[in-house]
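Paired with subunit B in one complex and with subunit C in the other, subunit A is shared by the two complexes that follow.
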Partner chain A sequence: MTAIIEAQGVSKWFGEVVAVNNLNLSIESRITGLLGPNGAGKSTLIKLALGLYAPSRGEIRVFGSRPRNNNAVMRRIGYCPETDYFFENTTGYEFVYWLNRYWGMSRRDARRAAEAACELTRMTERMHDPITAYSKGMRQRIKIAQALASSPELLFLDEPMNGLDPRGRDEMYALIQALADAGMAVVVSSHILYEIERITDNIVLMYRGTLLAQGQLHDIRGLIDRHPHAIRVESRQSCAISKDFLDLPDVTRLEFEENALVIRTREPNACYALLNDMARKNEGLIEGITCSDDNLQSVFDYLTR
Partner chain B sequence: MPIYTNTYRQYDGQPRHRFRWLVVVEQELKTLAKFRVFKLLCLAAFLHIIVRLLQIVAYDVLAQDPNNPLQLIFANLDVVEIKASTFFGFLYLQTSVMFIILLYSGAGMICNDVRNNLMEIYFSKPLTWVDYALGKIMTLVLLGLSITALPGVLLVGLHNLLLPGMETLQASWWWPLSIMAYSLLIVIPAALCILACSAQLPSQNYATITIIMALVADSSLAGLLAGLLRQRNFLGVSFPLALRRIGEVLFKDTRVLFTLSWHWCLLFVVAVTLFALFIVLRKVRREEIAQ
Partner chain C sequence: MNANETMLEKGMRTVDLDSPQDGNRHMTLPDWLLQGRQPAYRGYFAVLQASCGHALQTLLRRRRLALAALVAFLPVLIPIALSFLSSSRFAESGNVVFVRLAEDLYVNVFTPLMALFFAGMLVAEDIEMRTMTYILTRPASRSAWVFGRFLAFMTVASLILICSCALTFAASTLHADLSLTRTTDLTLLIHYFGVIVLALLAYGAFSVFLGAFTKRPIVYGVILLYGWQYVATLVPGLVDFFTIKKYTDALLPLMATQRNVTEIHTALGTFTREVFLVSAGKAVVALLLITAVSLGATIIAVLRREYAADRAAGG
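Then we have the complex of A and B:
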């Protein structure tokens, strides 16, 4: 499979701030998750691929060509930005329509494409309402509609789940899958691992402007599994609970907090099984369990340690 | 219908490559047309045109008809007479309305796009910074010309239609050229200065206030200099009066306010216009690069 996006030694800096640092990357898969905490350089990488930024050093190619000032490449790309402040005086439909016209469609095509895109993102009923009256989720959808309207081959979604309710998220996951199944390459950026896990196995991990890891999610998980996981158990009887974990061979450390116990283990499944048993035998003993490793920052902490 | 049952379709139309700036003009004008204030301002501009139209009818029809009982009144009224300075007067008065309309339309044109992060969406489409800048400038220029040059030339045409003959044609053949030239001279600098303020300032209100304050300051300075140095030619420092001086020359108006050579006034107007154009282009270009 040929690479859709190829970056070779790409760096981008703004004054003294290095947003992307010597990035070598090749994206080939249909859906790619771009993961990283805020400030990792995800949005900068997307804008470099869109041709909105010129690399300070190195080269980035999309569909084999440089995207900067390249209308032929730009026409093949759809972009849904992170921010959601748009035209103040237009409706959602008009917003999509005018951007279609900017893309180069005729009036009739722009109308049809805007209606189809609104339908695809379930905005048909509210598409003639002013954008100022939209909820955050609706703004998110109309933003995605404008990106989809020109039927791009490559779609960049910058934090697309922001502001969506659980149902909206489920629909967005399904939409992304449907678009990928129909032949569109989708790059989704997020700082939430769980969101990306739901839609793809192919992830690109970025941290402070550098590429931390790229590949299948289970490979990266494997890297993480070499490090102890942290499980936080909320309970008023944390001392009592801790006794049973002392016997587990893979538990490396137990930490006591106020009404909570933090278990650090290389074998989290054994701990979860034990916690399940405890919860079943003694109702009310465990008030809550959180695995801090689900938090992306922990993943980055492991990988950057 | 659940969204995942919809299918994704490739766009099979042919994208248009040329005159993309026209889409920007179309969008801006359609958006402006939604506002009641904008419609009211256009109506105000239109009312003045109606008054001038009545003046032409009064002079060309009533004043020329010896059988009409009103002929004596209109034939002896100097203000009704149609001459080159009539159109200069029309444009001079129309300038204020034109300026207010352009200020209302253009003060937020660039700053609102920047504030609302629209630039990155615009430039992620195959729209160049030149298309964008040209679209914004042309919107204001066309808007301004539609209430100055267009009615002016049409009124000259009407005058020739109502009072046909070689004498009228000989007297008025150059009027449309003067109207066009003067209209461009008042519209282009106004449009560019307003857009320059919009490009440099964070909001529509700031841009509006700044441009009004700049005009007041400029006119006050001209008045002060002329008064203190007892030299009326310093009135040419005032941008509106510099334009007026050029207008006097273009329309061969004998009521001269000051005698400063029109070349200096034209140089002043061109310098301000080019500076404003530079600011607009630089800002849009920087946005395109930075985005």
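Then we have the complex of A and C:
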């Protein structure tokens, strides 16, 4: 299989801050997880691959070509950024429609593609509402819709699970798997190992701008499991939720905060499964789930010692 | 020992992994998303149309535009008010009233104002709100995007100022010495239309450049267009050639060019300033050149600058 993304000695610095340092990398697999704590350089690497940045040193190639200001490469790429940026005074549908037009589609194609992408991301009902009225999860879905509307060959998803509820996360995992099965290459960045684990076994591990490792996931997972994992569940009924976790053998500690419960566990997958069941049975019980990357940080500390 | 070596020792690159856990739900994708079914790429003019259409929609939804239109139409009331309220000799001539309003307000105040607040912001807002990231990751020609934005500005600003100027002309005919049917008066009106459009071109393009190149285009624009331009017209020498006003003034009918100040009276004394006049033809060329250079510089800025970089370090 030929490399989709190839970086040779790529560095990127902003003033005195080195965001990516001498990165040598080759991404070939269908789904690649870009993993690292906040500030590791994941987003910078994605933006280098998208041509939004020029490397300060070295060279990056996507589909064998330099991506910066390269329309032939851009035609084959979709990108869902981490942060919420939207055009002013637009609805979700208009947002996708105008980006389709900027892609170079005719009016008719842009309309059809926007409707189809909204349908795929379950936004059809609300697509004519202003984006300002959307929840975080809906904004995330509309960003994914714009990335998929042009049916790209390579999709970059920068922290796509942010803000999604358990059901939304499930759908996102399924969507990524389906896209990869259909032949699309997907690069997903996250600072949470367990998110990446659900979708791929190929990871690129970054830390402070350097490539720590590129390889198979379960080796890292072994290291991670030695450290308790913290899951913060936002709910007004945190006491009720906590009861079910008392019986789980790998839960080491439960901490109560205002309208939230922090679960420390050595077996996070069991906890996530239980939380998903709870969320499905009782909509509104769980308002949000955030995962601390403390344990990942401790693995990075261990690896870089 | 570096980090890579540490991981290599642990066999990170060499050990095969079992299949990833398959606890995920399955999803069937629609046909349009399957490979090889990308929509047709329509090219340069489709992007230009998109950029213009989107900018027009954005402009028309802004309250700022309604406010600007309201302000731009206020001069229409002046000749009407003068005809009822004033008994000065100035108010007796519709020609004088119209010319003063056209030059002092439309050409010298409204055109730079419209350019700063609309042309500059059309580009700057995409940068500031970071929606530029989406546009730069589309296979969109950067020049088509810039020209589309500029075209939208020209359409809206020209429409507002020309309509307002035409109504001011009509209102000025309430006074003597100006008629809606006299050819020379209508030629004068069309002359001002031309000056307004050319001024919008140059000021608009320059503002677009400021929007793409600086973080505070309105601040720099106010300093340059309202501060520098007026100072430069007072400073002796050839400094005023580095202003847009020099060339828009040169296109005004004779009455206006005769108003150029050659003597400056101050507390320190009276200074004489030699004014180097520019012919109308050369002024048109200069304004078109300013437009072309500004738009060209904007396109180069969009191609070369890293607009996503302001919060990138470490991200």
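The working rule: the second predicted complex is superposed on the first by the 229 of 305 C-alpha atoms of A that agree within 3 Å, B and C clash if a C-alpha of one lies under 4 Å from a C-alpha of the other, contacts with A are read in each partner's own complex, and residues count from 1 in each chain.
In this text, a residue touches a chain if its C-beta (ideal position, glycine included) is under 8 Å from a C-beta of that chain, and two chains touch if they have at least 3 such contacts.
What you are looking at is a predicted structure, and each value in this text was computed from that prediction instead of being measured.
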item: Overlay on subunit A: subunit C relative to subunit B, clash or fit; value: clash
item: Touched partner set for A:Thr121, first subunit B, second subunit C, both or neither; value: first
item: Partner chain(s) touched by A:Asp109 [first = subunit B, second = subunit C, both, neither]; value: both
item: Residue contacts on subunit A - larger count, subunit B or subunit C; value: C
item: Subunit B versus subunit C as contact partner of A:Glu197, first or second or both or neither; value: second
item: Touched partner set for A:Val17, first subunit B, second subunit C, both or neither; value: second
item: First, second, both or neither for A:Leu212, with subunit B first and subunit C second; value: second
item: A:Leu99 touches, of subunit B and subunit C: first, second, both or neither?; value: both
item: Partner chain in contact with A:Asp129 - subunit B first, subunit C second, else both or neither; value: neither
item: Contacts of A:Pro81 with subunit B and subunit C, given as first, second, both or neither; value: both
item: Contact residues of subunit A, present in both the subunit B and the subunit C interface; value: 47, 50-54, 69, 71, 74-75, 77, 79, 81, 83, 85-89, 98-99, 101-106, 109, 113, 116, 119-120, 146, 148, 150-151, 171, 174-175, 177-179, 182-184
item: Residues of subunit B that touch subunit A when the two form their complex; value: 2-4, 6-11, 13, 15-17, 20, 23-24, 26-27, 31, 34-35, 112, 115-118, 120-128, 289, 291
item: Partner subunit A, residues of subunit C touching it in the complex; value: 2-4, 6-8, 10-21, 23-30, 32-35, 37-43, 46-47, 49-51, 53-54, 57-58, 61-62, 125, 129-131, 133-142, 145, 303, 306-309, 312-315
item: Interface residues, subunit A side, partner subunit C - complex; value: 14-15, 17, 19, 38-39, 41-44, 47, 50-54, 69, 71-72, 74-75, 77, 79, 81, 83, 85-89, 94, 98-106, 109-110, 112-113, 116, 119-120, 146, 148, 150-153, 170-171, 173-175, 177-179, 182-184, 197-201, 205, 207, 209-220, 269, 273, 303-304
item: Residue ranges of subunit A touching subunit B (in the complex, touch as defined); value: 47, 50-54, 69, 71, 74-75, 77, 79, 81, 83, 85-90, 98-99, 101-106, 109, 113, 116, 119-122, 146, 148, 150-151, 171, 174-175, 177-179, 182-184
